[in-house]
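One chain, chain A, appears in both complexes that follow, with chain B as partner in the first and chain C in the second.
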Partner chain A sequence: MTKRYFVPLLVVTAAMFAYAPILIANAPYESTMGLVQKIFYFHVPSWFAMFTAVFICGIQSAIYLFRGRAASDRVAAAAGELAVVFGLLGLVTGPLWGRKSWGVWWQWDARLTIALLLELTFIAYLLVRKYGGPGSEKLAAAVGIFGMANVPFLYMSVNIWRTIHPPTSVVPTLPAGMPGPFWFSVAAFMLLLTILMTLRVRLEQQRAALDELYLALEE
Partner chain B sequence: MLRRACLVVFSVVGSIAALAAQQPPGGFVPIEQLPPSEQLPSAPLLVAAYVFVWLALMVYVWSVWRRLGRVEAELRALEQKTRK
Partner chain C sequence: MGQFLNVALLVLRKDVAIEVKSREILYTTLFFAVSCVLVFAFALVKEGRVVEDASAGILWIAVAFAGTLALGRTFERERYGETLRALLLAPAPRAAIYVGKLLGIVLLLAVAEVALVPLVALLFGAAFFARPLLLAGLLASGTIGFAAVGTLFAAMLVRSRSRDVMLPILLYPITVPVIIAGVRGTVAIAQAAPDEAVAAMWIGLLAAFDVVFVTLALWTFEPLMTE
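Up next, the complex of A and B:
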């Protein structure tokens, strides 16, 4: 089933990523920030993909921790790595935009600091899995759940605390001409996340099969 | 009488000083009117952001592909070994 849909999904995603820059170039200029605001069309979808990966990791980690389902642990490991990749995209594109619109690369305010902490939490998740030794999957699962619990704080931080980052009301109130390219980019990033998850879960499955084979050989 | 005159003088001087403090500094120039050499260009930042996203994703896809290829090759080799 997965194999049947993988190639068509890959073709659609590649076509969407090729077409997205054309749509973004034709989108209207934001009146105060001008050209640099077009970073928004990749920056925000990166965070959407990161949050999705974090939720997948957190939920699958909880299933693994409380029910001991090994397949959930494999999905969580794949999602944890993708959370780091998409978080990195958001953390790099954000300061490039901020340098022009805020005059600074970085500000230690609530939104930016929690975003960095979330990224560090999932880097810690990967490090625990890789170097934690036997049984580290359970410790990593707890880190994954803890990381997921940070997301609501990160999302709401701009509405609760005084920060230089725009509030969450920006996306629902985009001016005419901007929602089309924006939601197109979000769809492209979500499809990319699906493809990368499929590949990454397959890698975890093959690793598990290899471990089982080595164990069988030893016995 | 003298106290009242002093109070009026201090109030007037204080008001003028406060008003002067609220004036924008003489050297203020809106950002749009700055010469191009002193403005931060948007295009390099935008291009850097897009290039980084594309490069990072390509490197990641290549990394997953390589890891998957290595594990599958090891798996095939091991399966052949067990058959023998």
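Up next, the complex of A and C:
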């Protein structure tokens, strides 16, 4: 099934990514921040993609742990990796904007800190998968579940600790002309996430199939 | 329920009995915590005075570092004697074994804290004892939260080759809310005008953390420990 939809999906996503710069360039300038505000069209969507990946990873890890479904473990592994990739994208674009609008590269602001901590959690997830040795899938699954459950606590604790980031209420109150390109970018990023996930899961599937063939050969 | 508690208490009694006999983990953990405090003192004391609020941070970091060491050692002991497998093979609910181990770690850390808190208060002139009940609440809920996550991960890592590095790598990012809540709550108590409402708010957050993560650990311990 995935094969049939994959190529059209790829074409649509490529077209959207090709068109997005034009749409972003034509979007109105924000009154106080000017040009640097445009980073918002790919900074925020990359966080959306990261959080989606985090939740996919957590839920699939739970399914793997309780049902023992190997396919869920593969999806979780792919999602964990993509959470790190999109998180990195956010962590790179964030300071670029921060340098221009706060005057510093990094601030110990609530959302930045949460992002960094989540990124660390999922890097730990990948490290466990890679270096945990035999049986590390279950360990990783626990990290995935705990990482997801930790999101609200990170959110609350860090938020009370400090806040200078533009609040999340920015998105519903966007001035006219901005929501269009913004949601377009979000959709493009979500499609990109889907495509990368599909590819990554397929790779894991083939790896598993290859392992099985080796085992069959040995017997 | 009665059997569950019985098993948990038996596991706790076993750990306490071993520890009372050797005192190895308590002594090493405590000594390690004190060295942590000293290392931080050299980093954070300026012209004979500690940087503002740093004493609360030093206390919690010492607890977290020492806790990691204690977690590693307790399970190392089980691995050495090949006793974890025996524990898991026992006809008892797995979650009860987790609770027993958790209680053991919490008790050990509580004993370490009894020595550590006055020491940090004394060395840095911190007014930790301005609101003793709130401080006890913070330490208890924070230690339980830290140990709840730590006990599960340490138990899982027994089988892993790289357990020594993996435990802190997994534990610290996930227990950051505990450190933040503990440090900010302790600062609220130790400041010139203690802010009880803020300290109570952090205790509330820690209690919620404890409930969620103890539940999750109880829920996942069984499938995680099944080979």
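As a convention for this text, the second predicted complex is superposed on the first by the 206 of 219 C-alpha atoms of A that agree within 3 Å, B and C clash if a C-alpha of one lies under 4 Å from a C-alpha of the other, contacts with A are read in each partner's own complex, and residues count from 1 in each chain.
Convention: contacts are C-beta pairs under 8 Å (C-beta built on N, C-alpha and C of every residue); 3 or more make two chains touch, one makes a residue touch a chain.
What you see is a predicted model, and the numbers here were worked out from it, not measured in a lab.
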> Once the shared chain is lined up, is A:156 touching chain B (first), chain C (second), both, or neither of them?
Replying inline: second
> Looking at the overlay, what does A:147 touch: chain B (first), chain C (second), both, or neither?
Replying inline: second
> Which partner does A:25 reach: the first (chain B), the second (chain C), both, or neither?
Replying inline: neither
> So, does A:117 touch the first partner chain B, the second partner chain C, both, or neither?
Replying inline: second
> Which holds for A:39: it touches chain B only (first), chain C only (second), both, or neither?
Replying inline: first
> What is the contact status of A:11 with respect to chain B (first) and chain C (second): first, second, both, or neither?
Replying inline: neither
> Which partner does A:88 contact after superposing on A: first (chain B), second (chain C), both, neither?
Replying inline: first
>> Shared contact residues on chain A, chain B side and chain C side combined as an intersection?
In response: none
> Touching chain A in the complex: which residues of chain B?
Replying inline: 40, 42-43, 45-46, 48-50, 52-53, 56-57, 60-61, 64-65, 67-68, 71-72, 74-75, 78-79, 81-82
> How about chain A: which of its residues touch chain C in the complex?
Replying inline: 65-66, 117, 120-121, 124, 127-128, 131-136, 138-139, 141-143, 145-147, 149-150, 153-154, 156-158, 160-161
> Touching chain B in the complex: which residues of chain A?
Replying inline: 21, 34-36, 38-39, 42-43, 46, 85, 88-89, 92-93, 96-97, 99-100, 192, 196, 199-200, 202-203, 206-207, 209-210, 213-214, 216-217
>> Please output the residues of chain C touching chain A within their complex, sorted ascending.
In response: 149, 152-153, 156-157, 159-162, 166, 169-170, 172-174, 176-177, 180-181, 184, 201, 205, 208-209, 212-213, 216, 220, 223-224, 227
